[in-house]
């Protein structure tokens, strides 16, 4: 069984040989540590993810970062430069395509060829493994701000080797967060091991004085996941990463929609992650937070999408997120044009900058929500550690098996899928079917009471239909699904 | 001297004869009360401003309303229908052109002819007086939601006669708020008398069972005006209107930019207006609030404008405004196309609907800000009443003379212009030169301390340059002008 | 009761729509065989053969739909499923494209019905009932 | 010290930019005659005559600029102010229009310099100094 234990250097090197054989680009000499360390040392500070995050946190800024990636290198570099210049992005991504995410590098190769022929990207991202280190170096060198790989890859070992060797200073993902929402039948034991490797790689760089940022993927399925569940996964992944020697971690959270719940979530995400890292002896990890603009279905209307994007930006800024992943007005339709992507970025940017000096005020309701999240996270982490006999890696595997951790709407067969969420009368995400979540009766009663208030208001039972209504709600211009407005007051 | 006293019916009729002679359209028989009352009684409830506001307040909704008006009737009707359908506007305006606002009806007539010839609107609004009752009836009948006249007219007596006779159920303006920001040398005594007439007209309709909504213009110059000053003017105008028999009043406020100050302003605007109306014996007035999206200079970039528009919508919804005047992505450039106007509306709409169930939480900082605003308003109203020897009409005139009421950046010579505002370190609008404002030392010290905190942060003195920086700030993407961000963190 | 196969094709993991489609089709009286996300053309075809399905509803959200659906009609025919209705929906191409064109492209590829982003599944059920007739 | 007349033309009451322009011009060493908002062409011309001004800076924000500025150059010339520089700025037409065209229109009307919405007044001062030379 996988354990939360630092991978020995010998073990790492043994695995490494196999990993580098997965695709020809893995054999590049640039992956040798002497070369990659030198490369990473040469990255200027304004293109260094960790350094920029540290300044942002000190200044109380919320940085903007889009999603973006296309099949071909030149086009990708052009895209990123456009987003830096016209979108004023503070940070840049390289979104990896879905074939690469499933390690289907030959499918990706085909698609690259087709994209070249058809002169348009047939991939939904940048196939970094196929393109190899040289191309990734060009991306890093020819773009003016820090670049991060963003994907959804259960086994991102080769990908991570390549991007870091190319000088990219941040990588998103984790053994749970890049499995449960992104895979069907890859075991958690495997994906956790894969990501221990990725984190160990970053740890080795850290031992050589290079601080690479790592970011567990916060929102998971992005679909009505209560904050305590995503927080718990983020904290577990932070601990697993820290054990492998990672020193700079960004934990994430996807906008729920209720402003108080969102701010409470952001605040507790920061405090709980720091608390648990210290509790388990990881003293010197620098923690920042990332807020994801609404991750569920968007409305088709572009102006309305801009409304949601800006509202999300206000919440991120007032909640004190260190960075924010932005959406575009094309979200519901497809991968955005660079212009649409830049529009989302600029709207986001001005809102975060206007609110730069402000924070959401302490209030009773905020405290109550924070207490609730904390209590739930404590319960989930306690039960995870318990079933893992004191080990968070084993604990994560067994907790998902047992349904102690359970993510709504996840595709993975490792996930029980017994939990059913719904919004309460104020739009907070609550739980109506708890499955095997190890919550005490006080917590369960509280959730039920909240949902009952809504049910009463809408004159119907709490049911799966309510959950479905909530899934559709935002794309239809409401947060809480169901309730009809008087005639003349709703969207025509 | 003008007094806050109900205009007698005889006096009203005497003035009325002259008013109706101001322009030929005033002589229409439709202006006879028998006919206009019948007309107003026939307005269906979904096109009745007062009724829609009452439902919105009961449901906790924030309604959207744009600015819009063009020179010609057919085009104007088309424009409004577009905004109702494609903009999903809950309420509609008819923005009156600037010649009509200055009662320059023959200039307006010229411009109508030129607009007909050139087939584009050369006016910045709809010249309702020139077009007359018949045309205004068409507007009311051919548009699916309630319509309101929005202008800036010191003497709007004939205009008001015409629009109400046409069945329009709401009118914006007031003797102070449509003078100080909109005129140069019209005396307050005159403009207050003119607006007493307008309110008396509405009062006569009220006596006949017809509830017409009246709305003092909240933001005044829209340029760094501290909430207590705009609130005081709004409350005075509410009282003056109530005295003439107005029963349905919407008091307004323009976004300042600090979210807590804005929410505090909205909440106190409602409570203080109700409090003072009751205190002075006007028991049965129904009060609602309107929030104006940022009224100062906008950034040229349309995506950024959308960001501000949406942020404003969030504040309006969380602050509990009953309606909101929206801006468009063209704001900094010129009168928006109907498409741009509709975009602003849709972004606004979705944000208010998403947040429909939510309110800004009570918090210590919010309470502090509310207390401050209340204290200031009490001081201003007390001093106004005092200098008016117990009369608010006379008080308003004398208070402006004395600088007890003083609006920053107003064009009117009736305004002393001694007050200089600036933002504090959190973006709250504070005062750095108080002129003759009758504030106690506690209030003044508080403002100064707030501004000192900012001055210290920015390592410079509180000065007029700071005020100028703040005037430009939002159009440059920041709320608090001045402070530079580290390289790589600001707009490129 | 008609049997229909649903699933998400290719390397696509978008599971939410798929779960809702299952729920709605069941509620509306279909026998639903849901092969879930990350399904290949073979998975769809095998499931349809095994369960004698009358229609295959392919979801593709992530943008690779055009590549993943290549020759699917031909492969169905080869497997003796020429009579089975073939539907596709979701965000089936990369980026915001003119839907008329996209629809034409997929119809040419042999799909009977093609749905735009965010299509209302309840409406699709009506069309499915029409196409399949009474069981 | 050069004297310049500033003001806001027509039925326009936008006072903020006007106050800032006064402040900046004074700081930069001009003798500023500010006739304020709601000023007619005659007001501008009379002020320029009375003060022997070298330039008139017309602001128009509210959209009627094109009508309000009609024949202003001709009227200046008639009043013997043919030598006085004529600038206009603000939001001088109704709506968002291509500025190149707007500029051409106003130049044809005799304005020496035409400024787009939100023009930087500090930059305009540089151009004013250039146009007027040392006093």
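Details
When the chains are written out, they are named A, B, C and D in that same order, and each has its own residue count from 1.
The definition used in the following text is that a residue touches a chain if its C-beta (ideal position, glycine included) is under 8 Å from a C-beta of that chain, and two chains touch if they have at least 3 such contacts.
This one's a predicted model, so the numbers in the text were calculated from it and none came from an experiment.
The geometric centre of subunit C is 66 Å away from that of subunit D, both derived from CA atoms. Subunit C has its Cα centroid 29 Å from the Cα centroid of subunit A. Mean C-alpha position of subunit A lies 44 Å from that of subunit B. For subunit C, the set of residues that touch two or more other chains is empty. Under the stated contact rule, the graph of chain-to-chain touches is a line, running from one end chain to the other without closing.
Looking at which chains touch one another, you get A-B, A-C, B-D. In the complex of the two chains, the subunit A residues touching subunit B come out as 46, 52, 55-56, 59, 61, 63, 84-85, 88, 90, 145, 257-260, 299, 301-304, 306-311, 313-314, 318, 342-351, 353-358, 361-366, 425-427, 474, 477-480, 485-492.
Listing the residues of subunit B that touch subunit D in their complex gives 98-99, 101-102, 104, 107, 110-111, 114, 120-124, 152, 181-184, 221, 223, 297, 300, 330, 332-337, 340, 409-411, 464, 468, 471, 475. Here subunit D touches subunit B in the complex through residues 10-16, 19-20, 23, 36-38, 62-64, 66-67, 91, 93-97, 117-118, going by the rule given at the top.
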